[in-house]
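What follows is a set of notes on a single structure, which appears directly below.
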Amino acid sequence: MALWTRVACRFRRWVPAVLIPLATAACIGTSTQYPQSTLHPKSDFTRLIDGVLMNTVWAAIVVFILVEGALVWVVFRYRGKPNDPEPRQVHGNTTLEIIWTAIPALLLAIISVPTVKAIFQTYEVPKDALTVEVIGHQWWWEFRYPEYGVRTADEMHVPVGKMVLLKMKTEDVLHSFWSPEFAGKRDLFPNRTNTLWFTADTTGYFSGQCAEFCGTQHGRMGFEIKSTSPEEFDAYIKGLQATAPKAAADSAATAPSAGEPTRVSTLAAATRQLDPAEQAAVDSGAKIFRMCSACHSLDATTTANMIGPNLANIASRRYLAARTLRNTPENLASWIYDPQAIKHGVIMPKLGLTHEQATMVAKYLQTHR
Amino acid sequence: MSDHSHALEHHTATGLDSRKVAIWTFIGSECMFFASLIGTYLVYHGKSLSGPTAGETLEIPLVTGGTAVLLFSSFFVVMALNGAQRGNRRSLLFWLSATVLAGLSFVGMQIYEFSHFVHEGLTIKTNLFGATFYTLTGFHGTHVSIGVLWLATLLILAFRGKITPEKAINLEIAALYWHFVDVVWVVIFPVVYLMKDWKP
Amino acid sequence: MATSAISHADQVPSDHAEKRGLWSWITTVDHKRIGILYGATAFIFFLMGGIEALLIRWQLARPENTFLSPELYNELFTMHGTTMIFLAVMPLSAAFFNYFIPLQLGARDVAFPRLNAFSYWVFLLGGLWLNISFLFNAAPNAGWFGYANLTTNQFSPGLNIDFWMIGLQILGVASLAAAVNFFTTVVNLRAKGMKFMRMPMFTWMSFITQVLLLLAFPVITVALILLMFDRFFGTHFYIPASGGDPILWQHLFWIFGHPEVYILILPAFGVVSEVLPVFSRKPLFGYAAMVFSGIFIAFLGFGVWAHHMFATGMGPIADTAFSLTTMLIAIPTGVKIFNWLGTMAGGSLQMKTPLLFSIGFIAMFIIGGLSGVMHASPPADLQQTDSYFIVAHFHYVLFGGSIFALTSGAYYWWPKMFGRMLDEKIGKVHFWLMLIAFNLTFFPMHFVGLHGMPRRVYTYPAGLGFETMNMLETVGALLLALSQAIFIWNIIKAWRGPRNAPADPWNGATLEWAIPSPPQEFNFAVEPEVHSRDPLWEQKRQQGPLPEPERVGGQGIHLPNPSFWPLLTATGVAGIFISMMMIQFLGWWFVVAMVLWFLFSVYNWIFEPA
């Protein structure tokens, strides 16, 4: 009893210190949204991981309470005064020591069984899956769909309920693909192909980002995965395939020649009914874009490996420059005007365009959905 | 070789001279150094994207000679140490000179070999074989050269009569290092030369 | 008991008057002075690493912050890690090795006093070289782990990586020389009767640390040499386009890197194992188990390196093997924690500052250990690695572990080293503020990591739920800085105060408490002899409280002469490495000159009478 009074007295001073952070944590915990969280798995793969993790977490919480509890108990129970008689000089206790060696060993053995099982499951390469090739670049993501002959950047679409197999490599330095909700993470190497697999079970946009330090803009190397219904996914793929030039010209580097309105812009004009001033701006933007096509392609079916991201469906993406900016016409124009001011060190240089020219290019790109 | 301060004036806890314990400790550490280099060599064996390869480049006869010289030098240094401990100055000087000469001729062999390979178009930049080969054997060669310098210093001291039987320990620790350098070569020689055509 | 002879020694004029002045420090070969040099230098580097951490935290306090440029941020987190590991925690441990291994062994110095001075100077030069990079606006910027192929010329063309790899190689020489020295010291300079199984636990754990240093550092030396050859001499060890494999770097780095973790924590284990028995007034519980669990941890430390690489996709067999060995390490670590609890249980705990920090160490280390077990599981690690969860984990073991224990050691041994007591009241404020601030800084990192925040990002977007926790962490970091300011205040207060520390302020059990505070240059007037694990307790039990040992003349005790050749040789070693970096500017003549300078210094050292 005396002990507990002492403990209580001792603790009273620290009540605010303990309660305030706990209360704050509780408030934050309930009120905040975590759209990139490992704790909300949205695929078979991340649920598998979550199962393994939660085993360990609960075991750890129990061990934590027992051991820290024992520590606190010992500290309060055996507080002494300087004049207290010398305590009994105990040098050890073999039985006790064997017990507290054996219990952790047993606990670990129990944890290791599901762990090992899960290790082998994570490495099973699924058959009959939709393959997406993931290629890391400093600092953006390229996604290729070899079965459909199309490629895109920074936004990966996958059909919900369909097994997806990621085959991953990098073009330059090491990166790590991390999609907390769908796939966990795996490093990308230049000289070997790594895989991950998952079946999305929820539709929507889910973010992820590079998790291996890869240079100056490692912090700005995000991506999104959009999981959609199979029908929407088919439409998405068809849309990408339709960006192929209709003419026999198959070179991705072929830019729209001066004078003639481009295929897409005419298409866009037909559907969106641009007014003549807008149309003129779009056409000027198309002309200026010819210099951009040294690094960027507007053809999702191209097989040429370009330096910059494929822009075939740029207008339909939610973000620009690997989740650096929301995709608005203004942001796109300021990016084109001076990418170095927004994402310093990025490979795209300041092109020396005027604000007007940058806006025209942005308008032109807005027509590429 | 006199950094023994007060440690030597008293008996040590193990009865061993501290410098002897230290050189053994250092040798243990060096084992990891060469293990890492040899590991790198093996990992990259046969992985060069272009020639020349180990099989096309390395010539065993010359190096076998070098190996033999190095192995004999271990025997020489044992004889020199024996001379030093017995206070036999003639024997010490003769065998220690032989050791230094053997070490020098091994280094000379390696310099000849390296320049021959460079002449044939294999430099450290050429391919992975060039990089791993020169790095591994070059670091071994550097160790041999340091050993030669060390033993030559002792030889000069011996000429001046400074290696008395009580100070034979100075030669003994150098000899331990020298044996180690030999033993490393005994590993490198088969791994690099005898296995040159091995396909992983 | 031979130590009692101290009090009977005659008062005679001293052969060993305390030497003063800068020159006496430059030429010192006294292990105690070198220990103080290590401690002071490392503490300054610790503060620099702390300032780097504060800048990092300030940048991350708010999303999309522009306080630091990405370039500077990357330099700061790289230098924070490199500094804290190589320039703060390791040399702070080395300060205690230097000062207390010889004292606990009952020796008059280390086995090779001049080599000891050499180690310090090489360490200092390496640390300076790493930090001089800031003046050239080229601080290392690829992380303390420096993964290839980001570090190759193609992707890191500047001098940043050169400074890093040259600096680390210089530091490696210092660590190896020191490790050879302390290994030999422990093997050979134990007092009469001090068998291995009677050595104090701090000396035991430090001894194991030396073995780890000896076996781990050559591996990173090779990794760095290969990188140096790639960058300076055009080889292709890490360049995939020419067949090189970046993963070779990862293997070599972590074969060094994981034992390095135990190099950082084992001395801390040792400190805590000294403090707990003294302040519990009860011997260490399960001495033999403590020794063998330390050895077991060190041994396993070489078999777990690839658990840093689960996300590289090594395949299920390798993942399983490294996962199981990693989990095994939890067993000896658990043994240690339970034995510490067993030491305190049944004791009479004297709630002094050193004990508080040791208890704090245990409490924090348990958390770090448990989060460690979580990512020993490769599937879970696929979510956790390279996230802030890992940052939380290793700060709980390195700050909550090593730094708490080293602070405990500082309060415990301060009176012995400087003859002055640190203030108890300020010490307690220091402890509580540090404990709270530490948890405020690092506990939220577990959650922000699990909620998807990766490491080493210079900023993060709003809307991912990271804002509040990052702000809390920054507030915690500022408080943590304040707690260090309180520590400094305590040090200054003691410095200005009188020499008030008795020889044995805590009722110590080990030999260092038998001699005056601070000890005389020769440590022990008469070399002690021991008959048990806690020699001083045994003596006090037999003879009652010991009288304050008197300072004696120390006639006839031969001590090594001071020498400046260790410093000059150290400049030669550093010079050789630095000249490699200068080849592109100065050519080879500078390398040759430095090698000759090194040899010149070595020969002068060798032929100088000790």
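By letter and in written order, the chains are A, B and C; residue numbering begins at 1 in each of them.
Going forward, contacts are C-beta pairs under 8 Å (C-beta built on N, C-alpha and C of every residue); 3 or more make two chains touch, one makes a residue touch a chain.
Not measured: the values here are computed from a predicted model.
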* Asked: Looking at which chains touch which, would you call it a line, ring, star, complete or other?
  -> line
* Would you mind telling me which chain pair, B-C or A-C, is linked by more contacting C-beta pairs? => A-C
* To do: Please work out the Cα centroid separation of chain A and chain B, and write it as a whole number of Å.
  => 52
* Could you grab the centroid distance between chain B and chain C? Build each centroid from C-alpha atoms only and quote it in angstrom. => 33
* To do: Just give me the whole-number Å value for how far the CA centre of chain A lies from that of chain C.
  => 36
* Residue numbers in chain C touching 2 or more other chains? -> 245
* How about chain C: which of its residues touch chain A in the complex? -> 69-71, 73-74, 142-143, 147, 149-150, 155-156, 240-241, 245-247, 280-289, 311-313, 315-316, 319-320, 323-324, 327-328, 330-331, 334-335, 337-339, 341-342, 344-351, 359, 362-363, 366-367, 370-371, 373-374, 377-380, 382-387, 436, 439-440, 444, 450-461, 463-465, 468-469, 472
* Asked: Contact residues on chain B for chain C in the complex?
  -> 1-7, 9-10, 12-14, 16, 18, 21-22, 25-26, 28-30, 32-33, 36-37, 40, 43-44, 47-49, 124-125, 127-128, 130-132, 135, 153
* Structure fact -> Per the touch rule, the chain A residues reaching chain C in their complex are 17, 21, 24-25, 28, 32-39, 46, 48-49, 52-53, 56-57, 60, 63-64, 67-68, 70-71, 74-75, 77-82, 84-93, 96-97, 100-101, 104-105, 108, 111-112, 115-116, 118-120, 122-123, 138, 172-174, 176, 178, 180, 184-187, 189-192, 194-195, 207, 209-220, 222, 323, 344-345
* What does chain C use to touch chain B in their complex? -> 29, 108-109, 111-115, 176, 179-181, 183-184, 187-191, 194, 214-219, 221-223, 225-226, 229, 233-237, 242-245, 248, 252, 255, 527, 558-560, 603, 605-610
